[in-house]
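In the two complexes below, chain A is the common chain; its partner is chain B in one and chain C in the other.
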Partner chain A sequence: MRQIAPSPPPGTDAAVLPRAALAAPGIATPAAAEGASPLPAPAQARRAGGLGDAAWPWQLASFVLVLAAWEIAGHWPVSLAFPPASRVVAAAAEMALAGDFGRAYAVTLPPLVAGIGIVGITGVALGIAMGLSRAFEWFALPLMVVLQTAPIAAIIPLLTYFYGVSATSKIAAVILLAAPIVVLNSYRGIRNTNASLVDMCRSFLGTRRQQVTKIMLPHASGMIFAGLRLGVSAGFIGVVLAELLISPTGIGDLISYNRSIARYDKMFAAIVSILALATVTLSLLQRLENRLFRPDHAVP
Partner chain B sequence: MPKLGRLARHAALVVALALTGWSDPAAAQRVIRVGQADTLTGHNLPELIGLTNTEKRMGVKFNVVALKSDDVVFQAVINNEIDIGIGDAYKGIDTLKAPVRHFFLLRRVAYFPVVNSEFYKTWKDLDGADMAVHARGSATEAMAVQMEKANGIKFGQISFVPGSEVRIIAMRRGTMKATLLDLPNSRKLTEEDPKKFIVLPVETQSASDEIFYATTKFIADNKPLVQALCEELLKSLRAVNADPKAPARLRQELGLLKDLPKPLADDITPYFELAVPGGLFPTDGGGIAAAKADFGFLIAAGRFKGSVDDYKVEDFWDLGPLNAALAEVDKK
Partner chain C sequence: MDASTRDACPARDAGHPAGGVADATPIVRVDGVTMRYANGVSALDGIDLDIPRGRLTTLLGPSGCGKTTLLKIIAGLIPPTAGTVAVNDRIVTGPGPDRALVFQDFALLPWATVLRNVAFGLELRGVPRAEREAIAAKYIRDVGLAGFEHQYPNQLSGGMRQRAGLARALAVDADILMMDEPFSAVDEQMRRKLQEDLLSLLQVEKKTVIFVTHSIEEAVYLSDRIVLLSRRPSRVSAIRDTGIAHDQPPDQIRRDRRYLDTVDEIWDTLKQYLQ
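Up next, the complex of A and B:
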């Protein structure tokens, strides 16, 4: 079974990728990346004769529907600890004006950025090395697979034995969550390079360096970027887990403190704020990915 | 036809058993769900003894579960997933006007500011210094804030390191220089190296650490049970206060905490020999005096606003079961 990849890598013809190679769990595939997109492809929408570029009414309707259901459930009430959406919005505004979010994110974001930065450089390099070298693959692949399937929430508190309760523990948590995704996507991106293209390069007397730089890396770039995007998503989870499980600081402190004093409206506001930030960040990265690697899906 | 006959006989047997009330006695026993934030250790023996004696007396079964934190216990109580919570619900009642009331004080807070004397010798030295406490929203954090106000200082940072045992290790290693520790652990550290570790002076602590609470509906629907529980807890705490060796002895007699590892079992009597003279276990079940002390503590810690007189005891406590239990136990 062979399948035409939806996004031909720059510099190559349409890539032909085996489905099985793309279907490894936790690996971003071009198809999976497309499915993960919060936006329906405008091209598809145009073909379907629907709303065309105007997907936003559907997104808005989705938000309104969820918020309305939340509001009703809050007034029902489902629980005293479950405030209606309107109260959460008011609490979010109050916290924003008081500078609570600003102070919290000033603590939460630096370890996240540092962790993603480290994974972005070393993780991609390791993934590429694994894709190019059997020795690296044998050495690192089992470790990455184990990390990917490990119950990280149980491991994160143990980080204090190595790094104490400092920001280093948070960076380590981000790396633990993000590294397997980034490394394995980079590895798969290289390893799934169309063999015909590599053969073609070789037949034109291309050197190994040219095979890598002219064929493999351009071919893998889409998956590497998709891995980085999913790594950022995992990094958000890692930093919040660390702040909840190791030392309540930043946004984790806002969540745990407000829960401890039964200010559930503020607790939900803090949770919604990190969800919103993560969603906006990932949407922007998705757009960038579409623009760079899948121009047929890019939103103008 | 014979098959039908057998089927009819089996059906008749089932109906007969159902009509005669055949059932598993264990299944018929009513289960009361009790939630608390800590894993059960030998330090919890006073309440376990009280609960066990209440089980025998009232024919119920207490299912004690350990949840992650006090606020999770409170949520479980207001969501009716737990019948009786152990911890405190002051802030939840105040903020949410939750229909929850305390009914028995089990243990008072007793945390002491232990500092590394190579760096700090007085409260003034701690102005701008870091102070490590148990967790966000915990009694130790409230105490740290109270101590800042009482001594006219401001800590540089209040950091959160769960577990007295963990903070002891950090103090020994020198990575932590000031913390709040419970009574046994503070004694352990100061006796280990009295020159290096000292306890700064604190006012007498009378705030509550662990209180039994439940929804108003549960208390109203189970008055005899709640009163019996108060009586048995009173008896248990009085026995512990009269003889700190009693918890270890009663553990054997009642078959409690059978799986407790030997080092923890050996720690039971030394703990109570320290805790009892330290006044950790009140013998009156709390009540009005405890509630007012808690209001004062929460105001000093910045959790409550205004003055003690702004808060009504009956908004936070149901004194009925405790008063009835005190009358009953004192009569005997």
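Up next, the complex of A and C:
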């Protein structure tokens, strides 16, 4: 029963949230100091949503509490650039009705989905290959470690020299940000396979192929999916960064335009919409993982 | 190394009870097995050993003496640095259908139900699903796990997990059951229950068992033959046949004169390694 609680592999939560939080200060420049702190909390409350019977009242309470704090802080004039939650919600409704979100995401999502798709397939495959073969490990590991620590935000504007102001640049930005964590997590997932399970498989006459498909892949699925979840949140950051730094289109344009005309309620609404979308995507990924590989995590 | 092995030989011959189930030919012959790791640590130093057919033989020795290494070499999981192991007169080069392992840490797939775990050995051999699940269901009943077929390992207690591990090993119908400190991860009371249940199961199954433990009481309680290993680098320091009749009621064995005497004698021998 202990392990049924929604606990992704160690490091996941800690790593996801700061990253999600990073999206906010990176974007909301004027109000960063005050505006950033309330934002990650609702994401946290919703991320774990629907995964336990006793959990939801607390999650709801945390959500309500943060929104209330935001509301009060907004009315207490901290800054012109920090509107109360209710105005942001109203702005979000207005923008949704006017079709702003629809138009923006129609531009933002295709390169994001394409980039995540490419990383999800080739990145996981490369990580698994690195876990299974020393040659692949030596070939790709240093590259990935360097890429992971590189200041990608500084490199993203350079992408325009290669691909111009295009969707290709955005896809490249998503891949640059998402690939290292996806590849490295898949690699570590395979490399950390429980040695005793491999011995068990061998002693019951499992072939190398069966070892990989029946032991290593299901065993690594937790790490692989944790990498994918981190990769998806990195991809969201990548696509928004590209839209802010390269081509003012899509949701990035919605943020920078509304900031430039001092419509901070709309700017926050755009940011919150990214958080909401990222959160829903991440929890769907968690469900997919449980369904595909870890039915034991889904038992009541 | 020769000295210690030669010392052991008289004990082996003298202690053999007449009229036992044991066949004259040993099922496993360990011949000069030496194991040195790449880092220079020597685990086994020229082990010569015969395992009698149809009996329960225990490898007993101080912690870290290489008992598990020897078991894994017999299982074909690791090749020895020198020497050979033969099972049914065939030299071991890897795992085989004649040997099935029970693991200290259970080695159950956490994402699979008890039923799939118990059937897993058969699954790896390509036995069709309906057939392997029928076989698994029988052994799940035999080890006392009926009703838990569709639970996951994390829903079971340690004792129940090892019952599943035992059922998985029985399900592939190997001649030799190899148990690596199988009960060391469960609590004392559960361990006694598992020991008793193993004995009654073996009354029906008639397997050759190679059992690794560091518990003297467990070794004497379960075994027909006890192989005492010395400290690392390990040699066979003595071989004892307990002469205990294992078909008597389980609590009778612990009151048996021979049980008590053998425990004392083995303790006297092992004490010298604990300095």
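Heads up, the rule we're going with is that the second predicted complex is superposed on the first by the 228 of 300 C-alpha atoms of A that agree within 3 Å, B and C clash if a C-alpha of one lies under 4 Å from a C-alpha of the other, contacts with A are read in each partner's own complex, and residues count from 1 in each chain.
As a working rule, contacts are C-beta pairs under 8 Å (C-beta built on N, C-alpha and C of every residue); 3 or more make two chains touch, one makes a residue touch a chain.
These numbers come from a predicted model, not from an experiment.
By the document's definition of touching, neither partner reaches A:Ala154: not chain B, not chain C. In the superposed pair of complexes, A:Pro248 makes contact with chain B only, with no contact to chain C. Between chain B and chain C, C contacts the larger number of chain A residues. Applying the stated contact rule after C-alpha superposition, one finds that A:Arg202 touches chain C and leaves chain B untouched. In the superposition on chain A, A:Tyr257 makes contact with chain B only, not with chain C. Legend: residue contacts after superposition of the two complexes on their common chain; A:Ala81 is shown touching chain B, with no touch to chain C. Judged by the touch definition given at the top, the superposed model places A:Leu97 against neither chain B nor chain C. The residues of chain A shared by its contacts with chain B and with chain C come to none at all.
Interface of chain C with chain A (complex): residues 72, 75-77, 94-97, 99-101, 103, 105, 107, 109-112, 120-121, 123-125, 152-155, 168, 172. For chain A in complex with chain C, the residues that touch the partner chain are 1-4, 194, 196-197, 199-207, 210, 214-215, 218, 293-296, 299. Within the complex, the chain B residues that touch chain A are 69-71, 74-75, 78-79, 91-92, 94-96, 98, 135-138, 159-161, 166, 175, 303. Contact residues on chain A toward chain B in their complex (touch as defined above): 79-81, 160, 164-165, 247-248, 253, 256-257, 259-264.
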